[in-house]
Amino acid sequence: MTQALPVPAPGTVFGDIEIRVRYAETDRMGLLHHANYLVYFEQGRIELLRSMGRTYKDVEDEGYLLVLARIEVKYKRPARYDDVLTLRTIVERTTGVRIEHRYELYCEYKLLAEGSSTLACIDREGNPQALPTYLANRTASL
Amino acid sequence: MTQALPVPAPGTVFGDIEIRVRYAETDRMGLLHHANYLVYFEQGRIELLRSMGRTYKDVEDEGYLLVLARIEVKYKRPARYDDVLTLRTIVERTTGVRIEHRYELYCEYKLLAEGSSTLACIDREGNPQALPTYLANRTASL
Amino acid sequence: MTQALPVPAPGTVFGDIEIRVRYAETDRMGLLHHANYLVYFEQGRIELLRSMGRTYKDVEDEGYLLVLARIEVKYKRPARYDDVLTLRTIVERTTGVRIEHRYELYCEYKLLAEGSSTLACIDREGNPQALPTYLANRTASL
Amino acid sequence: MTQALPVPAPGTVFGDIEIRVRYAETDRMGLLHHANYLVYFEQGRIELLRSMGRTYKDVEDEGYLLVLARIEVKYKRPARYDDVLTLRTIVERTTGVRIEHRYELYCEYKLLAEGSSTLACIDREGNPQALPTYLANRTASL
């Protein structure tokens, strides 16, 4: 039997990356500390953007700061030190000012965690601004 | 005009702690990195438990591991380096196996973020187990 | 028998702060992860500066970035989750461009770790610059 | 002109890994926070061990905990968000109870930082113990 991650619906904008759990990311329970899932999700967004030809560094250096407005994580199975995880990051929806992502974190084809988040765009003074055109109003963007 | 945090409903189990944003917790935007809110919330739960006469260390050493099943954060205003924040941690509900918390993070009486989480109890092998009696089925527990 | 931390030599510029080890700062061994000692030392420097009437935030906002040129830590005894540690931060020497600190980390009057570091001053472009006068060439400064 | 990292002396036990600087690892200055160098060095040691056919997870699960006795870092040039760094980890010396490493961190063939550390071996109770034979008394071990 071949094992594989689920195949997303046609047209879905997504990307898969591998992340190995670092020792420093574990805690006294011997598990990946739950706050680090947010760091992994951030890496997933950044690598998805890179795979589409942009770097988040450029976006930010152009004055578009993408900040989290909301994030949710559902933890189903623990990740452990040295596990090699696969993180799938999916663009759920983009509007003129917001980007919604979903996340699926796997280890050996088992789903460990799911997440969702909403990014908002601000300027250097912290005021809301429209997303750059190459990110806004697309099904397939960040 | 006196400024103060909102007063919770009578009987609410809650605790307030102060946390100063560390330099290492900021990011390239100059703001508190969003993953660190989860670290603060954890500290809020732990200090609330301590204020009720228990330490989480004891709970864990007795073999009850409290792991996150779900967490959500809504980010409203950014926190900055060196800000002194007030974190309110509230017990929303406890059952025989789960504890639900809410979180409110303030800076100078302004609400920066809100959160909610569900803790589940597992044993050292990672299997679900009932909460210790002093934590379970109470409105006013962890 | 009264227990106390050692008394520094007269004229020594130093400050003591208390830090409780957070759950997220532990690792799979159940101990405070060694990288977090650097975060604590940074907090020690910042609070020492504050006790002298300046905030590092102000220093940095005036364009003086203090970056580490060197740091060393000697780990003697482990720190554990929920331990309340006392960190002593000592100004060892300042020149026109550098500040040297020493660190002593205690738990219940036992020495857990010692450290030393050298800070250099740079501008926003990363070029070396002289320390602000209120920090430079003093035995008793940062 | 071809650029390359320096070639170590014949017989040197070393390994090179690539690490991309994460957003969460930067700080208010926009640079890789200095504490994270220790996390990278740890990853370097772990991957060097893996390249020799062992995992640190196995070593630890067999009851040999390798803890830092000392670490030093010399920071020469800053690393920035999204930089792809090359970390070289070198076994300097092993005795029956200790392992000494050196570290060189590069970005685009420029040396950003150098480090050195000493690991000691303890058991689960925190008492010193001899290294496992496959790690001890070898020039070419961890």
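Order as written gives the chain letters A, B, C and D; numbering starts at 1 within each chain.
One rule holds in what follows: a residue touches a chain if its C-beta (ideal position, glycine included) is under 8 Å from a C-beta of that chain, and two chains touch if they have at least 3 such contacts.
Keep in mind it's a predicted model, so treat the numbers as computed, not measured.
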{"item": "When subunit B is superposed on subunit C by its C-alpha atoms, the rotation angle in degrees, nearest 5", "value": "180"}
{"item": "Of B-D and A-D, pair with higher C-beta contact tally", "value": "A-D"}
{"item": "Whole-Å gap between the CA centroids of subunit A and subunit D", "value": "28"}
{"item": "For subunit B paired with subunit D, centre-to-centre distance based on mean C-alpha positions, whole Å", "value": "35"}
{"item": "Multi-chain contact residues (two or more partners), subunit A", "value": "23-24, 28, 35, 38-39, 42, 81"}
{"item": "Interfacial residue positions of subunit C with respect to subunit A in the complex", "value": "23-24, 26-28, 30, 33, 35, 81"}
{"item": "Subunit D-touching residues of subunit A, taken from the complex the two chains share", "value": "22-24, 38-39, 42-43, 46, 55-57, 81-82"}
{"item": "Residue numbers on subunit A that touch subunit B, as the complex places them", "value": "28-29, 31, 34-36, 38-39, 42, 60, 65, 67-75, 78, 126"}
